[in-house]
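As structure tokens, here come the structures.
Here subunit A shows up in two complexes: once beside subunit B, once beside subunit C.
So, the complex of A and B:
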């Protein structure tokens, strides 16, 4: 968890907003650091987390989380964290001819598009258990990342449906949060990706968009982050609803600063 | 400043030292391997020949067979990851990188798995370059660099002495290092080395000769066969980290040639909107799942200029760990441009993985060019030659300089208009 980002978003692990969909979007750079932030943030906030990890192996997330001061293994043992490891499961689905339904069962289907098992997995993972109710604050679903589903042959509409179902369950019914990462391919080349991104932007309450600098690579400024709030209930009292910052990723932290105010430049 | 210390024998001390002492890192970094990386069992793995732990994240690395490229990729290729090579237009230089990778495996005693739809893997192995081994490599390398009219490389500089301290992109062969070797592309690898090595070949036409697929096809048949083949070898030979076997652990090097070309039965090169344009990405995803759980590293060359749908290329790059693009000057207008006369093409490091870390190993140098000398394939920093004549047309110079800066961002970032300033 990066304290500076918490300040920008005006949240702390002690006061977590509920029922929100946060969209993380990266264009021509790697936005996975935001996902690591939210993962450690919600674990710190004592939320029950379901993590659909499609891009990297569990040990990668675990080691990065360790650097941010959270242990995923302990969280998993305590039952606070449920992880669906996409890379590992895909091998299982492909080579072990098992008949029992698997969340990623669609990999073996000729015409993919059925994400119902995945939704059922999420529902099962976040289902409130009677004895546990007091232990965890609210359920959170994290997805890294939805663009992988497109690459695996699922249509954009099917992914949007999945998000809609998850939102209905997690955000509305269970009063929890949903965080999803999507790649912005940029331009009109990837139509499905654009459909997905636009559809998600339409639904989400908070959009964090990360882009590389337009002028190219820089050692001291790694990119810029745009924060866009779409909460209509609160009128724009705090001024801007769209804020842009530049950031620099360090070993264990990310520092944010106003545009052009990098310590290396000043 | 420590950098002012004179440094007489600059040529020999690069290599691993230069990689470790690269500027930009934090001052204290753990050098030892960290247990429980992507592959379990940290320190025991170091005993495998031809590997070393990463300075940055403790990940076990193997060499790509090209020490200059290793250095650019942050020390080497991490075990369990995919290196994707975007082929140059006429597929002249990418097979070289492919063969370097395999030859390095033979020298290090790794097991090889060669997959191709075009050539018989046995023939590919016959054409691997010969290694420049310790005793005579120094001589050969000196000879080669002398041919290249740089005899002053060993002379102490008197005026621009600071340049002497710059890390060199192409270092001389380091005789003591067992990680990464140099190869002589003009000679073939000795027959006895191939015979002594253990390798598996996957030649698509042979594997497809059986019956046609009867089951409903959720993946192109060639891809499916290859995945099953790789999986069976990983499982049977104990590269599978989860099923420890008593044998000495070894690395499996997988090389897949021209993946995605029409020969693989994939039609993404033929039409823009086909129904199964996610076959390649699906294959890559499952392959990556296989690699992540085993002691293997994989090199794939993809004819990305043939793929019609540009969206597929972006997705393929997203799904692989390291992406390196080759752009040869062959047949392009840059071939005749005097600014590029020293080089054969440009090499773009498009993506470097972020493993076990928030940041990746981003090298400071983005403008890189390659050159195929008589014996060596070298990667160098792209230098524009000094403008000595009055006749050089200003426009062409500006064009080249502009395109050089536009290429600059490399790793995933793109440059927009030249008028825009970020700060």
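So, the complex of A and C:
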């Protein structure tokens, strides 16, 4: 959890907004630090977290979370965190009977259909249990990342349907939050990726977009973060909605500053 | 008794209005503003909601607007994954057909939120046919049913689709309102198509108040003002020097010989020793330490 990012988003672990879809989008840089932030943020906020981890191993996330002062192993043992390890369980899909349901069932199909089994996994993981209800604040679904699904042959519409259902269940029904990472490949030729990104953007309440500097790599400024607040159906004052900062990733923290205001420059 | 609007006289139906929006300029609040307008006019409003929950859609409307609004929920379980029986029968296609087959007296507004979602799940041709059927459903002039207006409003996220489907849908629409904006001002580019007439285009700046009433701006507050008509300023008006010469000055200028001009008179004057100056001579007295070389330096050249 990066306190400076909390300040920018005007939130703290004690004060969690509910029913929101946050889209993390990275273009020509690695935006996974945002995902690590939200993972540790929601665990600190005492939320029940379902983490669909398709890009890295559990130990990777665990080590990063350790640096940020949160133990994923403990959270998992306490039942606060449910992790779908994509890398591990994708192998399991092939060594089990076809009839047994598996969240990544689509991997076995010749033509990747819908992602209903994955949705059912999420639904099951975040289903309110009678005894637990008091223990955890609100359910949160984190996805790292949705572009991987496209690479695995799932269509953009199928991914959008998955997010639609997750939003209907987690955000609207359970009053929880959804955070998803997606890559912006930037090219107009990658239609599926553009459809996914734009489709998700239309569903999102908050879009955090990180991109590398246009001027290239820099030692003291690692990139630029744009915060775009959207409302799906409420009129807003639009001038306040879009904010841009630059950031520098440090060992255990990320510092944010106004554009051109890097301490190294001033 | 309700007075029919001009469009009701001519056609009795109003073909759909398409509202393309973008990520930055969302169109749902404009859709809601139009719905509020329709509800206050006395229309029965049917909303086919695919993208936001019913609570979220109804949020911000006054009770009298909400009471006129029927929400057909395609958001909760559009593809029948949950199998809880909450899904609309027949999925998106069934929901649209149900709207087509609805027989109710009175003016009706149908809002589709959004056409993008429907386009993802239905073939474009099917959707176009259904939209056509929707907007012409009560046009049968058999006299048995009262002919009433049907307004169809559709929201579409333009960047999600290729030019083909968007073009097909917008050609069905009587009016197309494209949202864009500058800084914090939203603008709507309106293309109005009427039968057998050239489409008219118009740009309208507006803002939507929290109660979803539409506030139109006459002049965009932040639009860069068109440059004031450039009066032809004479660049030679306030010069600190004289640009033109009078005839006399011109003559004086022409008669002047400039120092660098070399004429034959000047040459003669230079060659001829002047009266005041004697023929010049060079006197040379060698110094004691002058290094006078007796040898001819060009001796070896054999000239």
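Heads up, the rule we're going with is that the second predicted complex is superposed on the first by the 253 of 266 C-alpha atoms of A that agree within 3 Å, B and C clash if a C-alpha of one lies under 4 Å from a C-alpha of the other, contacts with A are read in each partner's own complex, and residues count from 1 in each chain.
In the analysis below, a contact is a pair of C-beta atoms (placed from the backbone, for glycine too) under 8 Å apart; a residue touches a chain by one contact, two chains touch by 3 or more.
Everything quoted here is computed from the prediction, not taken from an experiment.
In the superposed pair of complexes, A:147 makes contact with subunit B only, with no contact to subunit C.
Greater residue coverage of subunit A by touch, when subunit B is weighed against subunit C, goes to B.
By the touch criterion defined above, A:71 lies against neither subunit B nor subunit C after alignment on the C-alpha atoms of chain A.
Once the two complexes are laid over each other on the shared chain, residue contacts for A:108 go to subunit B alone; subunit C is not touched. In the superposition on chain A, contact is made by A:230 with subunit C only, not with subunit B.
Residue contacts after overlaying the shared chain place A:164 against subunit C, while subunit B stays out of touching range. Contacts of A:12 after superposition: neither subunit B nor subunit C is touched. No residue of subunit A is contacted both by subunit B in one complex and by subunit C in the other.
Listed in rising order, the residues of subunit A touching subunit C in the complex are 114, 116, 119-120, 157, 160-161, 164-165, 168, 172, 194-195, 198-199, 201-203, 207, 228, 230-235, 237-239, 242. Residues 24, 26, 34, 36-38, 57, 80, 216-218, 227-228, 231, 276, 278, 281-282, 285-286, 288-290, 292-293, 310-311, 314-315, 318-319, 354-360, 362, 364, 366, 405-406, 408-417, 420-423 of subunit B are the ones that touch subunit A when the two sit in their complex.
Listing the residues of subunit C that touch subunit A in their complex gives 23-24, 26, 28-29, 32-33, 51-53, 55-57, 59-60, 75-79, 81, 116, 120-121, 157, 159-160, 181, 183-186, 207-210, 212. Of all the residues in subunit A, the ones that touch subunit B in their complex are 28-30, 32-33, 36, 57, 59-60, 63-64, 67, 86-91, 94-95, 107-110, 112, 147-148, 150-153, 183, 185-186, 189-193, 212-219, 221-224, 246, 249-252, 254, 259-260, 262, 265.
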